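Structure in structure tokens, see below.
We call the chains A, B, C and D, going by the order they appear; numbering starts again at 1 in every chain.
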Amino acid sequence: MSNFKLQDCHKKQIKDICDSFNNEPGELINVLHKTQGVFGYLPEDVQREVAQNLNIPVAKVYGVVTFYSFFTMKPKGEHAISLCLGTACYVRGAELVLDEFKKQLGIEVGQVTPDGKFSLDCLRCVGACGLAPVVLIGDKVYGRLDPSKVKEILANY
Amino acid sequence: MELIKLTIDNTPVEVEKGTTIYQAAKKIGIKIPALCYMNLEHLGIENRPGGCRICVVEVAGRRNLAPSCSTSVMEGMVVKTNTPKVLNARKTVMELILSDHPKDCLICPSNGKCELQSLAATLGVREIHSVENAAMSTYRKDASPSLKRDMDKCIMCRRCETMCNEVQTVGALSAVNRGFMAVVAPAFEQDLVKSPCTFCGQCVAVCPTGALTEVDDTNKIIRALADPSKTVVVQTAPAVRAALGEEFGLEPGTRVTGKMAAALRRLGFAKVFDTDFAADLTIMEEGTELLDRISKFLKGDKSVKLPILTSCCPAWVNFFETNYPDMLDVPSSAKSPQQMFGAIAKTYFAGKMNVKREDLVVVSVMPCLAKKFECQRDEFKVNGNPDVDYSISTRELAHLIKMANIDFASLPEEDFDQPLGESTGAAVIFGTTGGVIEAAVRTAYEIFTGNKLNKIDFKELRGLEGIRTASIDFNGTMINIGIAHQLGNARKLLDGVRSGMYNFHAIEIMACPGGCVGGAGQPYHHGDSSIIEARHKALYKEDEEKTIRKSHENPYIIKLYEEFLGKPMSETAHHLLHTHYFDKHKV
Amino acid sequence: MAQIKMHLLVCGGTGCRASESKRLVDELNAQLKANNLDEEVKVIITGCFGFCEKGPIVKVIPDNTFYTKVKPEDAEEIVEEHVLKGRKVTRLLYENPETKEHVSDSKHMGFYQKQVRIALRNCGFIDPENIEEYIVRDGYAALGKVLSMTPAEAIDIVKKSGLRGRGGAGFPTGLKWEIASKNKADQKYVVCNADEGDPGAFMDRSILEGDPNSIVEAMAICGYCIGATKGLIYIRAEYPLAIKRLQVAIGQAREFGLLGPKILGSDFDFDIELRYGAGAFVCGEETALIHSMEGKRGEPTIKPPFPAEAGYLGKPSNVNNVETFANIPAIFLKGWEWFSSIGTEKSKGTKVFALAGKINNVGLIEVPMGTTLREVIFEIGGGIKGGKKFKAVQTGGPSGGCLTEQHLDTPIDYDNLVAAGSMMGSGGMIVMDEDDCMVSVAKFYLDFIVEESCGKCAPCRIGNKRMHETLEKICQGKGTMEDLDYLDNLSKVIKDTALCGLGQTSPNPVLSTMQYFRDEYLAHVVDKKCPAGRCKALRSYVINADKCMGCTLCAKNCPTSAITGDKKVPHVIDQSKCIKCGTCYEKCKFGAIEIR
Amino acid sequence: MNKIKSLDDLRKMKQNLSSDISIREKSNNPEKMVQIRVAMATCGIAAGAREVMNTFLEKIEKDSLPIVVTQGGCMGYCYAEPTVEVKVPGKDPVVFGHVDSKVALEIVDKYIVKGELIDGILPVNYQTIQEKA
């Protein structure tokens, strides 16, 4: 769990987001997208605040947050690494690349490096199968990977 | 109504359009096994997520099996409910469910009452294919003063979620996570006490396994009874007598008041009292408060809050403290019968018996799990000593009786002890929806009008519909009454009051379906709502058979006021019998 | 410097390179030089022509002559006859297999008809962020046409075209529209399912990125047909570019009055909003998708009621996927007769496939229904990467199955794929070669399903988990014959009992691999061997004493000191210590370490 | 922007827009313009299409060439991204695969200016409904 403390300015930000969707409970997913966009993740207090604004139980919000893999309750690293584990990448050796990232960063999938610089996650198909295996770091896509390129790529950050 | 013809297991059947295969089969005596499906038809509550896939049947021409609970019949449909394919599918699915379920049945609180357990026996599961290192979905355990959650035993039937959200609109529980780790939990999988849970316990009442159970206080009772320094007295709520018999194989609706008193005496309680006595007392206080507010209102005092809301139901109290913190001055300030009893027992009765407060142990037997939470509230303690020490459920009492080798069936009928054992018919019907307000009306009418009632029964206040309204003629003054049971209906009623749709003088609210007869501490109904209806009828029957049927005519109540309290709403009464509410807003 | 007069294009695709195209290029260059033509004629190495069976290929520009099976020895004749004298070398020309005539112009070769682009008609040809370019290519003319018909007439055209849903199960689109049109309601919705989630499929993304206006137009057409004024596109949040281009397209369409009130002077109002997915594969299922759009957990519910009766917010809703919509304007522009002339009897039109995996030409292709897998994989796809042997092709994503060599000549359509134990799915097509272990592939898909199962129904939630664990056990070499029976029974029960389409099809990868690659399962279970060498636990590294020079490099690098041996003496691996990390295999310079 | 109010409006608009809008805007004699279309779908961009596009734009600016650069969607040659289509007036369009900045400059210098093809062109392997008609 995070040590996130909700400040008044945060409450204002969340309120503005909810207002922009007319505080419609049906817009919960859009609200969460926007909110995660602002905070980078969805800590407990943020979810409570969203629930409060949309007038729905926080259990519902949490139920939705934990259902969708896009939403996260943990802060990501400064550079979020997402390795594609789609089929095309899988048959072209994405697992080996993943192992190399784990080795180089010293973390497991879903973790953040101690310095907060990198986080490592997997996702399913970014649709760049022509470049398989593919990794996303932030918004940048690196394609046609093999384990030997991992160190070099990380050195850019 | 359009009729549909089909055959089920070679038997032709004709049913209304829109009927499910499950219901059609039931009509011709075929009971298709089901697990997640639950239909409390008398109460309009249905849980049909189609998740367990146990109730599948074969339908000719369909490529896969059909879930009978949610497949509507079609003209000419040919259904088979017991082919090898169906039986294998059910057994395999059950085996899967069991493969992710703890195997501690022998020591599980639901042992013997578990629907999963009996279904596994019915389906003939004899082994579970072992997969090396097979994962089990396990979760943090959680215990509140009322409920325990052991979600390792959850089978995702979603009944609790339906009760908590759709029926009660409490919103404490939601399905969380996804896939194998999907489970029903409060937000952030935290403890229930941090959630907006009201401890109504309806999740427990419908849980088919041991995932949700009450906190078991039976051992505390056994220890207290064995302590020679303690005087242990017991009070039993009205709805208990209409349901306890079920635990001993008696027909639902069998009243066991006398046997229950006998059993309690044999368990070793120094005095066997009745919460009904306190119910009569509640009417004196709440009825007076009602009349007080109405009179002031009629005189034009605009500071008076109307409608007055009953406050006997502890889950309801929790609900409005959490959801309507702006309306804390609206409900009656009268304590619930359980707490009035405790307060009187530890003052008036303790004084009579010359027992120190600390040495008097008050136990309550309740159809309710929220009562466990209620008796632990700080405002109901004096120097840390609670007015009611322990609250146990009907099920726990049955368990105590069994543990103590008491053969319930052969017990004689015995009476309650005095002075806190006498009650009227008005008190008895507290245990069902509409009963409190009927009891209040009986007394308020006579006090307000100064006339005797010709007809004691107010049938217009009775029934099992979720929201009921009635106008009672108080000799020219029409008193408008609203009644709701189930918190979702309460919310609707209250929102209606807020929006001006309703204009009531008094509202009775009970959290559980059918009122206390459908309380979460009662013997499990296993989805059969006719059981709740039978208990409901039994209480009116008991009322009918009582000689005294109006609370203000209870001689021991009259005596209590004479000897101790003075008059209703007196300073002593206020101090002992009234309470105040807190803002406990949570999302 | 002389002006280049002629280009000789030589295919440099993997297939052709294998058949000596490199030497051909050298030879052509030598011949040109010998004739002093190297200043005027240039040899160019190109990407794959996708005609690998007839390779190497040489194409002469500007006259478009197409030579097949050209050997290095033919270079001289091509240069002397064609380049110098302008006479085509007839014997090397492509021979039409039916007429046996030589075809000299590549534009008239049957091969080029293998791909027909309907859904992808504008992808790559127009600027997706400029609605005018779409209009120039007849954009919104179909909508105009439809607005002059009655909805029933328009629906009839869709029905007659034979278009079936491209998202998976292939439900007839016209019929779906008709049902939605007949349900009365104050508000109805057109929903575009753009939650493409199959791992290894990117058709919808490409259409949305390349031709977003076609979807906007098709949704408006659908809205008119079923009586809806609101459209919703449910799109993966992982597709930022597609989202942006859709927003641009919707914005421009509004500006031009092609969305909004009174479209093209008619009484028809229509507008579109975007809804974002949040990473749940199950939301591709239409009831789950609708719940997700309502801000809830994307759990499917039992049908009926179908969305056409009670969908978004309980109102009748028509859900189609992106590719289905992309076909709609073309059907109205060119007529249902034209559309239904393409494809097979029961599957009309074309299908877009995302061709990926161990194939040379990974790409997005669109072929008429009825094209065979062989044509797709070996002609368009250019065959297997690295000249390896084809083993299987997986279609339909996690809901599909693996097809083998025996299916290569099966014409692709909805029904044939289902009959073969797979399904069309959304169009992912992953090619696997001899190095792929089919048990691992099945495990890979199960892993996906386990991760993406919504958890609502027991068979999918627990059953797939147990299947995955069992496959893991088999890959570890601990499987038993009972495990195979267990898998078989579980697969069938899950198929029969799971709640939604995704659950019901989730055992397909296991069932199809167990059916077509039972040998491989048996090898894992009985012989404790992984024939493809993919399963780490079943692999053993052994030193071939004949090749080992005793250089000690392997022993020095072994992390568990499992390798022993004296200098210049063949080394030995102690199997009990070996952790199968593969370091020795990578380090050995003599190829002495073998995987068994 | 005027709204299109009828099907006739739409037809007129289509006619008025010459086959290439951007060319019309940029030059008085569009028939002499060369068009370069860079495939800018996710995979193209991931493979470096944006850099390629910028290279073209800088080069054209520097040499003041009559070339128009636009973006397009995926052409389907995912294995060869980034891909670029070049249409020289009077010639069939040519698709180049695996284009990087270096190849981009080569395309301009060799193919567009001198008419020489360079290695790495991709044969078109499909037809669209427009062509078939």
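As a convention for this text, a contact is a pair of C-beta atoms (placed from the backbone, for glycine too) under 8 Å apart; a residue touches a chain by one contact, two chains touch by 3 or more.
All values reported here derive from a predicted model rather than from experimental measurement.
Chemist: Let me spell it out: compute each chain's centre from its C-alpha atoms, then which one is farthest from subunit D's centre?
Modeler: Farthest from subunit D by mean C-alpha position: B.
Chemist: Across the interfaces B-C and A-D, which one involves more C-beta pairs in contact?
Modeler: Spelling it out, more C-beta pairs touch across B-C than across the other pair.
Chemist: Going by CA means, which chain is nearest the middle of everything shown?
Modeler: Of all chains shown, the one whose C-alpha centre lies nearest the global C-alpha mean is A.
Chemist: If you average the Cα atoms of subunit B and of subunit C to get two centres, how far apart are those centres in Å?
Modeler: 57
Chemist: Any idea how many Å lie between the Cα centroids of subunit A and subunit D?
Modeler: 36
Chemist: For subunit A and subunit C, let me know how many angstrom lie between their CA-based centres, rounded off.
Modeler: Each chain's C-alpha centroid was found; their separation is 27 Å.
Chemist: Measure off the straight-line distance from the CA centroid of subunit B to the CA centroid of subunit D, and report it in whole Å.
Modeler: About 73 Å, centre to centre.
Chemist: Please output the residue numbers of subunit A that touch at least 2 other chains, ranges allowed.
Modeler: 63, 67, 69, 126-130
Chemist: Which positions in subunit D are in touch with at least two other chains?
Modeler: Within subunit D, residues 42-43, 45, 77-80 contact more than one other chain.
Chemist: Do you know which subunit C residues sit against two or more other chains?
Modeler: 202, 205-206, 239, 280, 297, 299, 356, 362-363, 452, 454
Chemist: What is the complete set of touching chain pairs?
Modeler: Those chain pairs satisfying the definition are A-B, A-C, A-D, B-C, C-D.
Chemist: Under the stated contact criterion, what part of subunit D meets subunit C in this complex?
Modeler: Result: residues 1, 3-7, 9-11, 13-14, 17, 19, 21-22, 37, 39-43, 45, 70-80, 85, 97-98, 114-130, 132-133 of subunit D touch subunit C.
Chemist: Applying the document's contact rule, which stretches of subunit D touch subunit A when the two form their complex?
Modeler: Within the complex, subunit D touches subunit A at residues 42-43, 45-47, 77-81.
Chemist: Going by the contact rule set out above, which residues of subunit A touch subunit B in the complex?
Modeler: For subunit A paired with subunit B, touching residues are 44, 47-48, 51-52, 56-63, 66-67, 69.
Chemist: Touching subunit A in the complex: which residues of subunit C?
Modeler: Its residues touching subunit A are 196-202, 205-206, 237-240, 275-281, 292-299, 313, 354, 356-358, 362-363, 394, 397, 428, 430, 432, 436, 441, 444-445, 448, 452, 454.
Chemist: Can you list the subunit C residues touching subunit D in their complex?
Modeler: Counting only subunit C, the residues touching subunit D are 3-4, 7, 9, 11-12, 42, 44-50, 59, 61, 111-118, 120-130, 132-133, 135-138, 140-141, 144-145, 147-148, 202, 205-207, 209-211, 239, 241-242, 255-258, 264-265, 330, 334, 356, 360-366, 380.
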